[in-house]
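In order of appearance the chains are A, B, C, D and E, and numbering begins at 1 in each one.
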Amino acid sequence: MEFLEFLGNRADDLLEMGLAHAAIVGAAVLIATVIGVALGIATYRTERPREFVLAITGTFLTIPSFALFILLLGPLGLGWPPVLFALVMYGLLPVVRNTITGLREVDPAVIESAQGMGLNRRQRLLRIELPLAWPVVITGVRVTTLVLLGIAAIGAVVNGPGYGEMIFTGLARVGTPVAVNMVLAGTLGVIVLAVLFDLIFYTVQRLTTSRGIR
Amino acid sequence: MTQTPQTAPEPEVMIRLENLTKRFSGTQRNAVDGLTLDIHAGEIVVLVGPSGCGKTTTMKMINRIIEPTSGRIILGGEDVTTTNADQLRRRIGYVIQQTGLFPHLTIGENVATVPKLLGWDASRIRSRVDELLSMVNMDPDEYRDRYPKQLSGGQQQRAGVARALGGDPQVMLMDEPFGAIDPITRERLQNEFLRLQSEVRKTIVFVTHDIDEAIKMGDRIAILQEGSSIAQYDTPEKILTAPANDFVRDFIGGGASLKRLSLSRVRDIELASWPTVSAADSVEQAHRVLRESDHSAVLVLDTEGRPARWVGADDLRRGAGQPLDQIGTVPQAVVESRATLSDALNELIAARYAVTVVVDQDGRHQGVVDIEQINEAIRSMRHSAVAEARTEFADGRTTP
Amino acid sequence: GGGDGGGDSANAGTLDGAELTAGSKEFTESVVLSQITSLALEDAGASIEDQTGISGSATVREALETDEIDFYWDYTGTGWVNILGNTTEEVPEDLFAAVSEADAENGIAWLDAAPFENTYRIAVKQDFADENGLVTQSDAAEFINANPDQARVCAASEFINRDDGLPGLEEAYGFEFSEIVELELNLIYTQVGDTCEFGEVFSTDARVASNDMVILEDDQEFFVEYQGAMTLRQETLDEYPAIAEIMAPISEKLTNETMMELNGKVDTDGEDPRDVAEEWLQDQGLIGG
Amino acid sequence: MSTATSAGVRDTDVVTLTPPAAGRRGWVGYLTMPLILAVVLVSLYLYVNGRELDSIEARSLNAAALSTAVGEHVALTAVSTVITLLIAVPLGILLTRPFTRRVRPFIITLLTLGQAVPTISVLVLLAVMFLFLGFQAAIVGLVLYAIIPVLLNTMVGLEQVDENVLEAGRGMGLSRFQVLRRLELPLAVPVILAGVRTALVINVGTATLATYINGGGLGDVIMAGLSTNRVLVQVVGAVLTSVLALLIDYLAGLAENLLQPKGLRSART
Amino acid sequence: MTQTPQTAPEPEVMIRLENLTKRFSGTQRNAVDGLTLDIHAGEIVVLVGPSGCGKTTTMKMINRIIEPTSGRIILGGEDVTTTNADQLRRRIGYVIQQTGLFPHLTIGENVATVPKLLGWDASRIRSRVDELLSMVNMDPDEYRDRYPKQLSGGQQQRAGVARALGGDPQVMLMDEPFGAIDPITRERLQNEFLRLQSEVRKTIVFVTHDIDEAIKMGDRIAILQEGSSIAQYDTPEKILTAPANDFVRDFIGGGASLKRLSLSRVRDIELASWPTVSAADSVEQAHRVLRESDHSAVLVLDTEGRPARWVGADDLRRGAGQPLDQIGTVPQAVVESRATLSDALNELIAARYAVTVVVDQDGRHQGVVDIEQINEAIRSMRHSAVAEARTEFADGRTTP
């Protein structure tokens, strides 16, 4: 009851935070996808670069977000820029890894026939390999989105946008009556976003995966 | 001893393989071992050989999907062993052994791949796709929008052939393109191909395991042994009539003579004559003709000169009083003069009097083929093939 | 410039045109202090952007140094240890002077400290204290030595690692907690009495009272008293020297009791920090109504 | 011209069906990563050793404290990963069976939520609402977080397997279970492992948050550095975390090489 | 009119398809439309038909990889339309059209799949694998440890066949098992199969596009039309000699008579006689024999009665004084009596005097085959087939 009241009181705030949260995660996912897919494409055929890229993007994911935000504060300041940057860094690994895996799984006979038809590297990639790897790639993007929705909340430490503020303010007030409400509200907000994002992804995945390989 | 005597100018060499070798890592033997082969422009060269002898590997080296371990590939005079592979491949159509259709694209899109690459406009692509699908005997409206997995094996294979033809490439590599197709469709495709080939002379390298297909399609046949070493590289006629060695003889298998017959046409041999009478003639006339010949029946021709009846002495006796074209039996074994000797023989062996009647396009009687003609034809082919082989050998020429 | 009606707003207009960004740490006291400052400066004509609620001392400090924010309130102890990189094995007599002097080299000015002192304390549940007769830290030490099975402490990382925190405390009073439960600072308030018997708290934190805890008296005066002071870049101060003048009278009024009360309004009553700050300032007549 | 040529050559180098060592790295290849990590650790050690440590730094940067932290961290990662696998892989398998088609979207959405909830919230809520703390609580948070990458990749991996192969398998009378165990799973290994490796790395990173609720691990070290502004301590904590992540990922890579059927190793490796 | 007159007891029906129908979702037509077919135990039934007519779909319904839309499948008297599919499949070997080798397993492991399932011990499995690989003409030591992608197309197909044979199933479904294999290997495999089949009579459903293969392998052939409707289901002999309709005629294609010949053996027909002399005979003797016959040459037999020479009148004149087995020409066209008529014809048409000499196993002269014999044989086959068809029709029986 009390919680519902709280939600009612802060509805406007929550909506606003939700939009901000969605916006920054959306942007980060977009950028991470572009960069990640590009990195995957650039490296999936050669072992050394591939391992290198995976190691680096993997390392990103292990940098504690606090430390990273402090590191980024100097060059990028407070607010959304450091958060966006950090989210992109964190979001790369799933995209890169799944892009690489997806591309490497494509049936050689199909690639061979594409080669045989004179499709050049780029055309093979864009018309054959990527579409065939697409289910795996987009799964990576989906994972990234979910990971980032969570991490974005931590962006609150540098006053980033989104539900993090709610969660962290709540955290700072643990032991007071509003604390749980705040954390819960923020968390629920993220969850709602997650459901929405996932719905979108489900649709996108269905629409963008050829019926021929479903 | 390699002085080249004055011979007819050879057609331009389109594909020259020089000492081409491929060893797959982890294997002891070369899959292709020093293959040297000239393929002339505008010809269909059929590669046949035991399974695993390196045919596919050779094909893939020609368009550089597999890089040779050593050796050179010269395409239209240009060494393409190190040039841009994509450029090269776009000039070469390739029908892959496993069909390799793009599973995420519809059949229409698969077939449209190369035309799209070439930047054709949408309506031209569409009509080209429909044309190609029809050509391979698939109703465009039914199959255009299906995905590969929704096709039967033979349909997939045909779609693969249609796709390879999309860009109208000058050179085609076809790796068992008709292997999974039923005989009727296959024959239709073969004929279509030959018809196309007679119009626009592409250079085609064709792999098949069907010797009959090889004989039918090939301007030349290369019979390969383990490691793609050439057992014989020659015209189908020569291979059938003068196999270079036991391997070749074994490979073409039983019935070489019978096969050889399918390469010659009735019009190419001298026909035997058979006593004929006109339908308007009297029974007595027929009697007389029959008696003067050493045959047991006369052939009755209608007013246009078309075979109408076989009439034997018995028939004449029994059918006395009736017009000649009402008695006797209707000739079943009739072929046009462009039929092959094989067709003629097929009729002959089941025909009354063991003879096949030959007619021209308008159905007019030309003569007959009996076993003597066939026998003579085969024997003269043999002789000339052997004689030729001897000359070549004496000239010190190697097989082309 | 006249002002907006605030009769005793002597500062009205002195900061006209100043555009400043307020920062703070994430906990209530820091936010409240920052809001008080913002309101005061706004009252003097400045326009303030709000960047309060940054998590972590280091983050806020970094934000100040990189011009992301223009001021925030810090504590002398934090300055001494965290910013200046000292340990508290020997703390100078006049900590504020030492810190402000040293930090001047970094281009950061510390305005005169407020009278409230926020520092580490150990707290226990009221019941627990009553039951075991715990009033002072010495009582606790005795109890702990006698009952190692009831000697768990909840503490945050900073406290655990600082000489003026846990290690020093145990040494000074001659005891050792049986188990250290390392928690996020804020989680401690709800865990005392459950996961642990003792908890690290801040002396001015209203949640001590609201969670039925009592602070143990630091009878040996081990804990270093940390004074709160506003920090800003020297260049900002040079540009707007009025800031110091505006803040001086406000600082003076910020006593321990005041801070407890203000914190309590936010934490316990759930009021908005800015509202709490504004109410207090107006009540005290420190800004124009 | 020369660019075209070189592009062509590079292209086909890669395309050749028989790379000299498809998937079979030499010993040198296998040793590269551990060597790099060792070099990093040694340099870090030398650097730290060369510095005069104050009492705060010394409290965190000593062998006992660090090895405890690393040990706890490994335990957190290992346990959470094992539990994740135990949940996610079977679930992924179940959710690709025809009979679960109906419930599939719901379950996935449900688990998606687990992934999206900020781990920090999970930990706080567990601590505050259920007074659930420590190692076990941390495991709950980590597992919730790592399930999705493994689950989704398991599902996609299974769905990618060539229908012809499955048909051949079923045609030979392999039961559904045998088809799964002998064909589908081995053939899906690369994609599943991609998910597992992602999850591992995420787990190693996220496990640092366990420090908030007495979960221990390298988060303690990082937090100690962070809260006292000792950069050196932070760096040591962070580097150890990364090294651990890369090491675990490397081991997972070795496992992948072992598990991935040789016949599959992409010809274009 | 369906009273069944007393006929020989039919062999047990192994697979009965009753009104089997399959419509794929999203298509307008039934891929298989009400197919009813009995397959007798121990027989090889070959399905042939145009590409896309539903052969693969039918096969897959038999082992329930595709569930029928309607209809029933009865295996050995038991309705298996709804029983446990895995159990069913383990009793049925299946060679899939696209080979479908498991890419992650070596060839040896692929072949060992079913034996492993059956829980055989390691050494038995190993020897079975080697045996099967050798049977399909692949050296176990070379190929056992390769992965499918390291094989050529034909090798993959053979490995697929070996794999399907692994568990020695009583029923086999083979979907174009030899399509990508060269003629020599293919013939070897066919023979091996037929040999095996004569020992352990499996029930085999076999799809092929090669009519010759169908004729050779099939106890019965089902010629299917679009939607798997049966155009004719009969023995190869009947199909060749009495095609049920134009579709069948078209489908077996040109050369039906020639093909028919490959089903009859020389020993089954009455041989013609040819004048012979013994090598020990004198030239005069030969002269006399020749004069008395109306042939232009005599066949000289050696002391064992084996054909040694053809000797014509010219030869006798020119070679006067020499022994008979030193003059004339060596007979080339010689076949054993178990050769097919097709073999005999093949020799005959190229042979001097257009005649093939027939010998027994020991090479002793039996007689000759000339075109008359062939002609007669074909014509009598035709007659009896037509007569039989008429009887059946009159009996009101449908094709079995």
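In this section, a contact is a pair of C-beta atoms (placed from the backbone, for glycine too) under 8 Å apart; a residue touches a chain by one contact, two chains touch by 3 or more.
Which protein is which chain? UniProt says A, D = Osmoprotectant transport system permease protein; B, E = ABC-type quaternary amine transporter.
Since the model is a prediction, treat every value here as computed from it, not as a measurement.
Chains making contact with chain C as well as with chain D: A. Comparing mean CA positions across the assembly, the chain most remote from chain B is C. With centres taken as mean Cα positions, chain E sits 62 Å from chain A.
Rounded to whole angstrom, the centroid-to-centroid distance between chain A and chain D, based on C-alpha atoms, equals 16 Å.
Rounded to whole angstrom, the centroid-to-centroid distance between chain B and chain C, based on C-alpha atoms, equals 96 Å. Centre-to-centre separation between chain D and chain E, using Cα means, comes to 58 Å. Multi-chain contact residues of chain A (touching two or more other chains) are listed as 66, 70, 107-108, 115, 121, 171, 174, 179.
For chain D, the set of residues touching two or more other chains reads 7, 11, 15, 17, 124, 127-128, 162, 226, 267. The residues of chain B that reach two or more other chains are 24, 26, 60, 65, 85-87, 98, 149, listed in rising order. Residues 7, 11, 14-15, 17, 25, 29, 33, 105, 108-109, 112-113, 115-122, 124-125, 127-129, 145, 148-149, 152-153, 156-157, 159-160, 162, 190-191, 194-195, 197-198, 201-202, 204-205, 208, 219, 222, 226, 234, 237-238, 241-242, 244-246, 249, 253, 266-269 of chain D are the ones touching chain A in the complex.
Of all the residues in chain E, the ones that touch chain D in their complex are 60, 63, 65, 85-94, 96, 98-106, 113-114, 117, 147-149, 160, 163-164, 166-167, 173.
By the touch criterion stated above, chain D contacts chain C in their complex at residues 54-56, 59-60, 124, 127-128, 131, 133, 211-214, 216, 220, 223-224, 226-230.
Contact residues on chain E toward chain B in their complex (touch as defined above): 24, 26-27, 48-57, 97-98, 150-155, 157-158, 175-176, 179-187, 209-211, 250-251, 253-258, 261, 342-343, 345-352, 354, 370-372, 374-375, 378-379, 382. Chain A makes touch with chain C in their complex at residues 66, 69-70, 73-74, 77-79, 156-159, 165, 168-169, 171-179.
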